[in-house]
Structures are given as structure tokens and as C-alpha cells.
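Handing you a structure now.
Letters A, B and C name the chains as they come in the text, with residue numbers starting at 1 for each one.
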């Protein structure tokens, strides 16, 4: 990942138009439009039940919207399944830790590496093991460096299911990073992480942004959002009620109302 | 065609037996979410308990009651002593299917070890026949029909008129939500197992009464037909299961008019596969959703 | 060894090889990928029937073998072609069933759908007597390469050799898959389909691949078995037989090749051979029933006491002594900064 050229920052990378989704006749997402520019860090905030996670699921391709379109890098990806979006750099994390419990921490990270030779049934029998291993060696170095950064190198060979809740959250972020994201969708990445570690995770997210990764994160802690995010999208009751800076959002009547009512 | 009327008769009998079993299966599956592969074995073992009672010279109707009781208690114990500990120790959906598979092997072969592979018949009233609307029913068939109707009515009253029944429906719809609303889930789960076991026992006896001679394997493939009816009706939906039983009862019996009768059960299987593919939420899902919004 | 002992030992070796091959195939689906394939035995049967009809000769009056039995697509293909054809049929059969069952069903419904497929197959084969001779089954299936050995015992050893060749090939295939990055992806899918998809894994296609390869291995085991025992009928592949293989994997240790090998020798072969030495008691079928009961009890007991089996899945580490040394140091790193309540479970 190299830093984006200055002129690329701010170019639209993802634009969703009037996304809708309903659950048992209730519109949980009702005509949501979101524009995301390259190289920026966005917060998606709003009270519980606002439909934030559903929007993230739709953007990641995990849920199919009943209406609306999504364009990514100028291409209509509305009908793309989750794995195809991921292969083109749209990588998401989950609200509830979704680690591969009976894989080790290192394996969790290695699974994420894109275009790893020997990762399809055809390549297993057509490419020599040397080729898989060479690439895997490079990935291992990266994975270990990432773990070291969060003081988790001692856990490298532990089963991911045996990590503490906070470590699972960090693993989830690191795994997403190993997948070489262009657009990172983080669903409450800081929930359950110990306050002392939060700052280093935030630093890391800023660093990712500098390297050119665009980030959209759902976050409840508004203080964090304020210091971290370039812009916020506020949702309430399935619609977007505000787009702009966090400072501005704090002064908006409808935003305050939504939080009080929610 | 002269075959139509008798076929309707056969269909009604098949549907009655299937409805008893499918409603029992769906109530338990809906509430607990455990795919109990040992359900047919509860039927078989209960029916053999009825045989044991019957062979002591006691009326088969008493035997059926005993079978219902036996099935209920067996099911309750299966849940208490097997599934519940496994769930508590963190076994997931996948593991529970394996456990139920092991249980099915144990019960089926346990019964086989006791009874042997031979064929048996109940000592039941014969010969009498009645004409109902131009369809000829034997005394036994008419009784099966009646038992099914009474049982279905009882289930209906239980689900709509009692707090427990309502709680059961709530658990079936969304157990987490039901727990939040103060429904005592553990008790509801117990009752679901009891009820499903009782219906399994009665269904087992009626199934065996309706065959000329039964053995341990008689209800072997029946489980899949039950699952077909339950899924066709939408898992957890007792009325759906009744409807599913009717559809499958008629489809299998009428298919025998056109196809080799050996394919009768295969028709049920094909229906199941098609339903799983195009409408895994069941035929009545639209009604169910609408009903939830209204209440 | 006396001839009788040799004969017995070779027979056991062949049965053992067939059982191991089948269990490895099923384990690729169940242990590695997390597919509950209740139709597995049907794929073994498909391989067996394929190998049988392709060696019984054309189904015409002039062929003495076809005078007493009815079957379709009769031919006399040379040996290993019959086995390859069996594998091919196993693969071809997997596609439509996989598309139906693996596509979008919940895992319990998948299991039901597989069970149904197995039952339909049994019903069709039994009902349509012209297809594969119905309930009676096929018999007098020629033994391959029979002329290569002078004595019956020599042939036994020859077939042991043939079985071992297939065993080695299958081991090579599954070990290569398991060690490759692909194996890691399959195990990731087993742990969480949604997370695997979110990382760019085409879950459907990978599961389909494991399904097809596993079923091809099943078909090979069927072909190997049928050409040895010479007969095949629906009674040999009723759906509970799949439970036996699954039980073998659970007892041995899912996703561990050695564990599955041990399970495959203990359960299908060991138990049925073991009860042979018991004095015969009970009525007809009693011993069989007790055998299946025992399997059920073992499955539940292992699920409770030792859910990972006799030889649990190996933890895959990446050789670097520095790291394994550091791993032993307790309390290093993030963990110390965590509230102590978070620490539970770290010991595993």
C-alpha cells in the first residue's frame, strides 16, 4: 500500500443511491444515499436501531437491498456478491467478532491474503508448493509485523477463539488489513477494546488513511468520532439526517433530537 | 373414475397420520430449533410399547394412550438428559444434529435388538366398514381420522386459548424476543418436548395400525415425509404442518394412480426438495407475516 | 501365517483401505469444510454401480453375466478405467446435488436435503428393477487383473497392493489440499462462512469443490470395494451407513488425517470384525442391532467427552522457534492491559 497521490484524495470511490431494506414489513433502511471520497475517514453514527449495520451489510454485499444502487469506482456493483466486492478491495469487519475460532491467529491473518497461489482447487494441483510458500512467507512477515504492533506476537500460534474479546476485535481489524482493502468498512471496531488500546487503534486507522485506505466506520463513542473522522453521516430511523463535520453535527437540532428520541 | 373416491379416502388417512407426527415435529423444532433426527424412533418405540400393552390383551386404544404417555416422557427425558446438557456445554446446531443422529441409531437398534426383525400386528377390531360420502372406511381408518381431528383441535385450543400455547407460539417466532418479554422459555421448551413426544407416540400407533404388518423399519423413511410436511408448512407453524400433511397425503396417494406405487414416498421427498429450494420458509409464510403485523 | 490367516488378514486390509479412503473423502467435506453430507454413502454406491456395470459386459443375451440380472450401460472396460469412470460419475452426480443443497440452505436443511437425496436414490434403484437390478443388486462382478495372480491367495495380496496404491493417491490428494492455502480457506469457511466471504472467498464454489472431490473419493472407494467383493445391492448402502462413516470421523478426530484413519479402522472394520468373535447370541439381526447401537453410543460419548476425537485436529504453526519460545512467556503484550475478566480461555 503506498500513499495516494495528492490529487487522488477526494475523488469519489463509492456512491450509494436510495438504498432500502425492510425486515418483516418494517423499513429499516429507507432511501439512504451515501457518497464516500477516496482517502478519507468517515464515521457512520446514529442511535441504536437507526439501520447503520444494515447499510454496512448492504455496502459489503452481505445483504441484498430491496431498492437502490451502489457504485464503486464508477462501476455498478449493486448485484455483486460479498466475495466479489471483497476481491475488489471492499473489506468489512463485523459488529460481533467473527473470527475463525479453530484457526490460529496467524492463520486468521493469512486466510485474508488476496491472490494467494494455491488457494483454489485448480491451483493446488497445477502450481508447485514452492510458489505457494514463497508468497506465504512474505505474508507471514507482514502478519507478524502487524501483530507485533499491537503486542500480540505472543498469541500468533494460539487459536483465535481463545483470545480475549478485545484481542478478537483487534485481530478482526488486522485481518481486514491483510486483505489489502481500498475501502474499509468497520462495524464498531473499538467496541470491547480496552481504553488504553483504543488510542493506538485510532492511530493505526489514521495511518491507514495516510496510506490511502478509505474508511467508513460505525462508532458509538462520539468523542472518538470527533477526533478521528473527517466527516460523519448521521442516520436515524432508517434515513440519513445529516452529512458533514462532527462539530457541525453536534449543533444540528435534528441530530440532537434523534439521539434524545433514540 | 372409480379410483378417485377410494384414493381420497387413502389420502385422508395418510394425511391424518402425517399431521399428527408433523405437528408434533414442527412444535418441537420451532420452539427448540433442534433438528431431532430421532423423532421417528420415538414414534417406533412408543408404538412398540403400545404393542406390548396390546399383547397383554388390553385394548389397542388404551395402548395408544400409553404410547402417547411413553412418547411424551421419552422426549422430555431426551431433552433433559441429552440435548440440554449438550446445548449448555456449547454444542452448536451442527453438533446437535450429530448427537440426534447417534440417538436415532441407539433407539432404532435398541428396539430392533428387543423385538427382532420380524413383523407384528396389533390386535385391533376388524371387518367393520362404513360409507362416508361415498368413500368406504374401515373402523380403524375412521378412528384414525377421528383421533387426528380431535388431536388437531386440541392443539388448536392449546395454542390459541391458553397462555402456555401463546408462549409457545412466541418462542417459535423468536425465542430471544420471547425471553425478553418474560416468557418462561425453559418451561415452554419442556412442554414442547412433551407435546411433540405425545403426538409422536399417537402417530406411531396410528401408522402401525394402518399397515398390515409392521416392523422396526416401518417408520424408517417416514421421518423425511414428516420433515417434508413440517417444512412445507413452515417450521414452527402447527397449522402449516397440518396443511403440509394434507398436501403431501394427497400428493403421495394420488401419484400412486399414475406412477409405480413404490415411488409414493419419493414424491414426498421431491416435494421437500422443491420446497427447500424455492420456499424454505414454507407455504404459509405470507400468512404468518401478515398475522404478526396484525396482532 | 497359515493360508487361512493370510486370507483373513488380506481381506481385513482391503476392507480397511476402502474404509480409510471413504472416511478421508468424507472428512474433506465434514472435518475440513464443515459440510454435513448425509448422502455420502450414495456416492460410494454410485462409484460401485459404475464400476460394476462397466465390467459386467454389455447387457445382451450373449453375455452370460447379464442373463440373470438387468442393468444399463453394460460394458467391459479394462482395469483402472472402471475406477476412473466411477470417480467421474461421482463428480458428475455431485454437481446437480451440490447446486441444490449447498446453495442457500441453512446447514440443518442441507443435512435434510442430503438425507432426502440418499433416500430418493435408494427408492429409485429398488423400484426400477431394470436400472441396476433393483433390490437383488448386481453380482458376479468380475475381479480385475484376476489372471495376473496364480493362486487365490496371490490375488488377495495383489488386491491389497492395488488398494494401497489408491490409498496413497487419495492421501496425496487430500494432504495436498489440506496443506495448501486452500485447506486454510476451507477451514475458514467451516468456522465462519460470512467472514470468509467478507475476505473474498467464493464460499459456494469452494464448498462445491470440497463436495465434488470428497464424493469422487467416495466413488473410488465404492469401485475398489465392489470389484473385490463382486456384488452390490441397495441393502449395502442404506443411509445409516453414512452415519457409520461420520461416527468413525468423530471418534478418530475430524480434520486430522491420522485420527480419521484410526477411526476408519476402529468403527466400520473393527466393530464388525470384533463382534464376529463374540459367541452368537440373541435372535437374527441382534448382533447387527447391538453393533449400530454401540456406534450411536460411541458417537454421543465422544461428542460429550472428547468432541475433537482420539487424535484432535493439529494446530497449524509456522516454524519459527523464537515465536514458540515467546508463546510460553505468560502475561506478555496486550493481555496484561486487559481487564482480568477478559483473560479467561487464554489457557487453551
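We take it that a contact is a pair of C-beta atoms (placed from the backbone, for glycine too) under 8 Å apart; a residue touches a chain by one contact, two chains touch by 3 or more.
All of these numbers come straight from a predicted model, not from anything done at the bench.
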item	value
Other chains in touch with both chain A and chain B	C
Per Cα centroids, the chain farthest from chain C	A
Identity of the most central chain, Cα criterion	C
Busiest interface, counted in C-beta pairs	A-C
Where chain A and chain B are represented by their mean Cα positions, the distance between them in whole Å	47
Centre-of-Cα separation between chain C and chain B, whole angstrom	32
Centre distance in Å when chain A and chain C are each reduced to the mean of their C-alpha atoms	40
Where chain B touches two or more other chains at once, by residue number	none
Contact set on chain C toward chain A in their complex	176-177, 179-182, 184-185, 187-188, 190-192, 194-203, 206, 209, 213, 313, 315-318, 323-324, 326-327, 329, 332-335, 337-339, 342-343, 345-348
Residue numbers on chain C that touch chain B, as the complex places them	34, 36, 100, 105-109, 111-113, 115-117, 119-120, 123-124, 126-128, 240, 243, 246-247, 250, 282-286, 288-293, 295-300, 303-304, 307
In the complex, chain B residues that touch chain C	35, 82, 85-86, 89, 91, 93-95, 97-99, 101-106, 108-110, 112-113, 116-117, 221, 224, 227-228, 231, 260, 262-263, 265-266, 269-270, 272-273, 276-277, 280
Contact set on chain A toward chain C in their complex	60, 62, 81-84, 86-87, 91-94, 98-104, 106-108, 110-114, 116-121, 123-125, 129, 132, 136, 140, 144, 150-159, 161-167, 170, 175-176, 179, 194, 196-197
